[in-house]
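What follows is a structure written as structure tokens; I'll ask about it next.
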Amino acid sequence: MFQKSYNIFIKDIKSELRTRYAINALVMFILVAISVILFSIGNEKVNSDLTAGLYWVVIFFSAMSGLSRAFVAEEEKGTNLTLQLIASPDTVFTGKLIFNLILTFFMNIVITFLYSAFFESFYIKNPALFILTFVLGNIGLAISSTIIASIIAKAGAKGTLYPVLSFPILLPLILTCVQLTIFSFDGTNFESVFYELSIVVSYNIIMITVSYLLFDFIWKD
Amino acid sequence: MYWKIILFVLMTFVSIAGIAFPIVEKPSAWYEFPFIPGLEENAKIIFFHVPTAWLAVIAFLMAFLYSIKYLRSKNINDDIKAYVANQLGIIFCILATVTGAVWARFAWGAFWSWDPRQTSIFALLLIYGAWFALRSSIESEEKRATLSSVYSIIAFFTVPFFIFIMPRIMTGLHPGSADDETSGPIVNFKMNENMLLVFFISLIAFTILYFWMWNLGYKSIIYKDKLNKKLLR
Amino acid sequence: MSNYKLEIKNLSKIFGQRIIFQNINYSIHSNFVLGISGSNGSGKSTLVKIIAGVLSPTKGHVNHFVNGEKIDYEKLFNFIGFVSPYLILYEEFSAEENLKIISKIRGIKYEAEYIKELLAKMNLYSRRKDIVKTYSSGMKQRLKFIFALMHRPNLLILDEPTSNLDNEGKESVYSIIKDYSLKNIVIIASNEEQDLAHCNEILFLEKYKSQ
Amino acid sequence: MLDFLSKNAIYIVMIIVLIVWTGIFFYLLGMDRRIKSIEQELKGEKNEE
């Protein structure tokens, strides 16, 4: 089962490298978004709370511009039926989820590097907490955006609809992650953020369960 | 038929009691409400504002249940029921937001201050908005029903998180949330029995009203579809 | 010899308030060619999609049995070969890459000899390394037959199999149908007299419009 | 009576709310009737078939 999903992922990567639709545009999007923020800040000194917020804003919008690709490409090329005929829904979802996970991590590592280079207040006092937040947050982001992407791939007005549908679903995750990022800037220890971490973990578990349960209905026309 | 009369009587009573019963320092007669510091006459909003918020949540729950039912039965009527529930839900959600904001202008000094309750109802409003946006972008009836059902279910599972995280992130101004961690829709500020009674009657009356409206709404759509089908033949 | 059985029970499909077909009951065994015929828009494609398990019916069931055992919906796709005009393969890859990727995703071995044979039969062997995007519609159609046959399915579903094909192509399709139906089930959805001539029995969808 | 009402404006609000509620109630009642009659009609046609 996992082997097959991995092969779907490999197929997507190959196809992506051959056509280069998403990657180029995504990297440019990140650069543009961060420079817009830098221009609007000017010489102001930004406090760490605002930096954490802006960091996740850029992550959210980059995800919204890139992560719908996995399913929308399949729909645009008309290869949906082919995939339906060669793999079970769970396999397809896992394959697409791996693709989005890799893309999210790649994207957010780039964003994090750019942020630590350009923002003075992006100074992490508790790196372990930051990395944990980063990993858990990215997993949650990838799960939710994959299932929403599979919905909007079947609807019209895909580009605009994607952030609209994803935002309410991602809001609890993003709010908690902003909070955790602020804590990691402040150097809070692990015991006092246990509550927030457990929220993120349970969000991920609930979302992945719901996604696997519901994907059958979306995928079967 | 009886319940329509009951609804009329209850709602009339709530309107009279909720508006006209006086608020006094030390309530003695059965029709007097207690004085709540910081709220004063504003406290009467509870009889009209809280039920609208309650109905927004009930509608959301109903839409969730009928979405599950639709996915199981593939009966288009279940989707219509969920649709009408959401229609009423968004109306009551807007009413709750607006009445709350107007009240907050005088109780807290600003229309909007990102109180946990305000943020939660805003998120609910966003979900409703997204749901209707999704629906309007799909042409095929069956696909529309399936995808909006799926979205309804996913959205339903995110809502509990708001209840848990909001109080940690923001300090609450909303009555009933000052010192309780869960900040659920529980009313624990100091009401006496009369007030509580009127409040619950109000909840019951609004709930009956909601079910009536929902019933009329979905029946009208189902019959319209049936007539269309007859004309097509 | 595989013993495959297809059972259609009370099958109905309704789009909104429009009835596509109602109460189809059918049961067929291996060594059988079933034709499905009906005017344009009568739901031929809808029916074959439901049989292939990629579309869900409004009411009723389609059950597949191999050697008397029911096949799970999760595993069904490996028993079915499907050809249709609206099926599109990955156009940014070459024919050979497509077939390799597909066999990997299916989780089966890439049978080089067998596929070479199929490519030769379908007249595509010399162009196997070209990107599918550059193919003509007839060549794409022939490639779909290889896609449908490469995993040796027990149930071959052909939706308008001879569209876009020249006479030579048609002949090879008919020979495939003949060979394949000896051991397996073949379903042909078409309106062409020539196609339907190869069927043991024909199902007219018009009959199932309303009671 | 009039004197009392003009001193306690809240009762005027109450009366207005009551009138509005009565209006809404009877509108809904009428709607309910109309839909029931359509329901009857649809059922009747089915029997004729």
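A, B, C and D label the chains in the order they appear, each numbered from 1.
Everything that follows uses one rule, which is that a residue touches a chain if its C-beta (ideal position, glycine included) is under 8 Å from a C-beta of that chain, and two chains touch if they have at least 3 such contacts.
Predicted, not measured: the structure shown is a model, and the values here were computed from it.
At the centre of the protein atoms shown, by the Cα-centroid criterion, sits A.
When the C-beta contacts at A-C and at B-C are tallied, the pair with the greater total is A-C.
Our note on geometry: chain C versus chain D, Cα centroid distance of 60 Å, whole angstroms. Mean C-alpha position of chain A lies 38 Å from that of chain C. Chain centres here are Cα means. That of chain A falls 51 Å from that of chain D.
Across the assembly, chain C contributes 56 as residues in contact with two or more other chains.
Listed for chain B are residues 226, each touching two or more other chains.
The residues of chain A that reach two or more other chains are 221, listed in rising order. Per the contact rule defined earlier, chains pair up in contact as A-B, A-C, B-C, B-D.
Note for the complex: chain B touches chain C at residues 74, 76, 140-142, 225-226, 228-229, 232.
Residues 3-4, 7-8, 10-11, 14-15, 18-19, 77-79, 81-88, 90-91, 220-221 of chain A touch chain C in their complex. Residues of chain A that touch chain B in their complex: 147-148, 151-152, 154-157, 161, 164-165, 167-169, 171-173, 175-176, 179, 195-196, 199, 203, 206-207, 210-211, 214, 217-218, 221. Chain contact summary for the complex, chain C toward chain A: residues 49, 52-56, 74-75, 77, 80, 82, 84, 86-93, 101-102, 104-107, 147. Listing the residues of chain B that touch chain D in their complex gives 4, 7-8, 11-12, 15-16, 19-20, 212-213, 216, 219-220, 223, 226-227, 230.
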